[in-house]
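In what comes next, chain A is part of two complexes: it sits with chain B in the first one and with chain C in the second one.
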Partner chain A sequence: MIDFIRTLGRWALGTMERLGRATLLLVQILTGIPELMMRFSLVVQQLFYVGVLSVLIILVSGLFVGMVLGLQGYNTLVDFGAEESLGVLVSLSLVRELGPVVSALLFAGRAGSALTAEIGLMKSTEQLSGMEMMAVDPVRRVIAPRFLAGLISMPLLAAMFSAVGILGAFLVGHSLLGVDDGAFWSQMQAKTDWYEDILNGVIKSIVFGFVVTWIALFEGYDAVPTSEGVGRSTTRTVVHSAFAILGLDFVLTALMFGE
Partner chain B sequence: MTPLIKIRDLHFNRGDKVIFDGVDIDIYRGKVTAIMGPSGTGKTTLLKLIGGQLRPQRGSIVVDGEDVHKLSRKALYALRKRMGMLFQSGALLTDINVFENVAFPLYEHTDLPESMIRDLVLMKLQAVGLRNARDMMPAELSGGMARRVALARAMALDPMMILYDEPFTGQDPISMGTLVNLIRRMNDAMGLTSIVVSHDVAETTQIADDIYLLSGGKVVDQGTPEQLQKSGSDWVEQFMQGLPDGPVPFHYPGTEFADDLLAGEENR
Partner chain C sequence: MIQSKQTEILVGLFVAAGLAALFMLAMKVSNLGDFTDEKGYQVTANFQNIGGLKPRSPVSMAGVRVGRVADIKLDPNTYDAVVTINVYPQYDNIPLDTSASIFTAGLLGEQYIGLQAGADDFYLADGDEITLTQPAVVLEQIIGQFLYSKAEGE
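On to the complex of A and B.
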């Protein structure tokens, strides 16, 4: 029993300490951002690695998720003769929920894990230490540009995911199942609200981008500098990001649509 | 003559393990000073303490009149611009090529025009004999070449001193010879101060002006290579001549071999 309490205590202390270190890193990153504006080319370079290289997986996944939504939605709606509302169903589910959440999960798997592995390996091969000794702050030079790139990429990727998803649903709904295209688009336009739905979805994706990139960079920066340590950190990035995304999604949804 | 680096009463622990227990070291300008000792005596830790990457529990390290651990972040970074450090692994940035690696500190810290940066980088690479390898990526370099590139990079800002962390480890005889010569030649030609951390006795004694021997968290002996070769101490003799047994036992301390054999299976 005592052992159990001791282990629990150690775990809690360890977690608090990590949270503290993660917060310190975040503060360092945020204070480095104004300086980064003078050298935006560093961010642009990372936008390519973090954002552009994630586009393919986002587009393909978005297309399939949209097509499945189209099929499933049609099957339910057709029983009530409401199949023309397919556009609304699909657009609301994608813009409010699936777009931000699924693209953030994919982003964590594709870009988050890559960021952790990269930073962790830079640490274990003393590249970060080497920069410090060259009087270059690795947080400002390496971490902050990646953070900003993640923050910018995530909402854009989520928007692409939703757009392609809607297109996928339209393909299935209209071309395959024969839903009227005019009704599909006009009902969608009438029922999807700019502030209520789209903006809230964008806010979600910004929050997810912030959290996922933060977790990924912290895990890399805090990794034990061995191959095993970097491997563990990479796994933790994906697992913790998934928890954070799904947990925060509930909180944000409750705040936005909860009344 | 005041030393460039003055270390006084240095205490440093890692957890419960005592790494330094009251170390005093003076490193003089223009000289090649070697810090030697068996593996695990904290030689690399000493370099990190000098560079301000680690903080001692007690004692002071004064570099060029400035107490490293009392400096503000900005002042510490300014001091680091005057220090070069050669990491054991080279620590080259793996996503950019040799030229860009050497140019890195220049791009970060100066506003020099592109053509001048090019000239400076080529000069540094010429000095280490790798001007024609400038387009190679770090992954394509051999260990010795990587270390020479790292040396060119450490010199890019023309520092007053260079810290070498185990520069000879894992080198073939040719690149070893090249590095040994380079360190001495650079030191004399550019008026540097060099601190070489190493446990390669033969190579280090060739180029060092002063040697400090560390063991068990303390300075065991110091002096010129000749003085140390003639030292009366058994420990120093064992280390300098690489004898397998002596005051430092060959066997990791613990139970006797015979007891272990007789203990049977249960005591694995």
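On to the complex of A and C.
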């Protein structure tokens, strides 16, 4: 019995410690960002790895998600004779929900896991301690640029996802199913609001980018420096990011669209 | 060095593509593109009931959009709704005795103002008022009237 309570206590203490270390890391990153503006080329390099290399998966998934939405939405709407509303259905679901959420999940899988593995490996091969020996702060030199790159890439990727998804739905809806293209666009424009819908979606994606990159970097920085430890951290990045994204999405939706 | 140049170009393309996607969402998907409506001349019309008409609702003539609702106010004396309509400048030959009615696009669609041209030799100009108006048809009222008249007939 005592053993059980002790295990519980150790688990609770461990979790709190990790949370504390994560917050400390975040503070260190944030204080490093102004300095980073002087050496923006570091961020550009990371934007390439985090952002540019994620474009393909985002575009392909966006296209298919949009096409599926178009097909499914049409099948439902046609029963009510409201197939012209397909544009509204697709644009609102993509811009408000699917764009930010699905692209953040893909981003966690594609870029987040890579960040964790990279930093975890740097730690296990003692590159990070090597930097410290040379009086280079690894948080400012290695971690902060990656954080900023993730924060910048995420909203751009989510916007691409939504835009390509809407084009995919238009492709299916107009060319395949014969929805009138004028009605498709005009109903969409009449019902989609720039501030209410699109900007809120952008805010969501910025929040997701913040959280996913933070989790990925912390897991890498805090990884047990063995090959097994790096592997477990990478898994944890994807799992925790997915939880954080879906949980935060509910909170953000309740704040933005709930009355 | 060449490597980093290539990286920079690709990152530039990435950022440009992201911003272009956002721009497309703004202009093509949302209603932001409509804010660039050309400024035309303003005419007013008084309606007894405007139903679900909103600012920025379309104003059309023979099905062609000729303007937008700019503003809706309540007249404090007559308790009528005063609707200000912004008519696009290229439609400057709308007769003075044109009538305005409020229609619904489809059974459950958006409400809009439809204009029927009159035969006057003078044209509407900035600040004029359309005097011939027909209020919005409120479906519940019609159903109510129908039931009432039905009951009365028996």
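The rule is short, and it goes like this: the second predicted complex is superposed on the first by the 255 of 259 C-alpha atoms of A that agree within 3 Å, B and C clash if a C-alpha of one lies under 4 Å from a C-alpha of the other, contacts with A are read in each partner's own complex, and residues count from 1 in each chain.
As a working rule, contacts are C-beta pairs under 8 Å (C-beta built on N, C-alpha and C of every residue); 3 or more make two chains touch, one makes a residue touch a chain.
These numbers were taken from a predicted model, which means no experiment stands behind them.
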Put the two structures on top of each other at chain A: do chain B and chain C fit, or clash?
fit
Contacts for A:Ser91 in the overlay, against chain B (first) and chain C (second): which applies, first, second, both or neither?
second
Per the contact definition in the header, classify A:Glu83: touching chain B only (first), chain C only (second), both, or neither.
neither
Between chain B and chain C, more extensive residue contact with chain A
C
Thinking of the overlay built on chain A, is A:Asp222 touched by chain B (first), by chain C (second), by both, or by neither?
neither
Check the superposed model and tell me the shortest C-alpha distance between chain B and chain C, rounded to whole Å.
11
Please write out, lowest number first, the residues of chain A touched by both chain B and chain C across the two complexes.
none
Touch list for chain B against partner chain A, complex:
48, 51, 53, 77-78, 80-81, 83-85, 87-89, 91-94, 104-105, 108-109, 150, 153, 157
Once bound in the complex, which stretches of chain A touch chain B?
122, 125-127, 129-137, 141
Where on chain C does chain A make contact in their complex?
4, 7-8, 10-11, 13-15, 17-19, 21-22, 24-26, 28-34, 110
Which bits of chain A are touching chain C when the two form their complex?
41, 44-45, 47-48, 51-52, 55, 91, 95, 152-153, 155-157, 159-160, 162-164, 166, 185, 188-190, 192-194, 197-198, 202
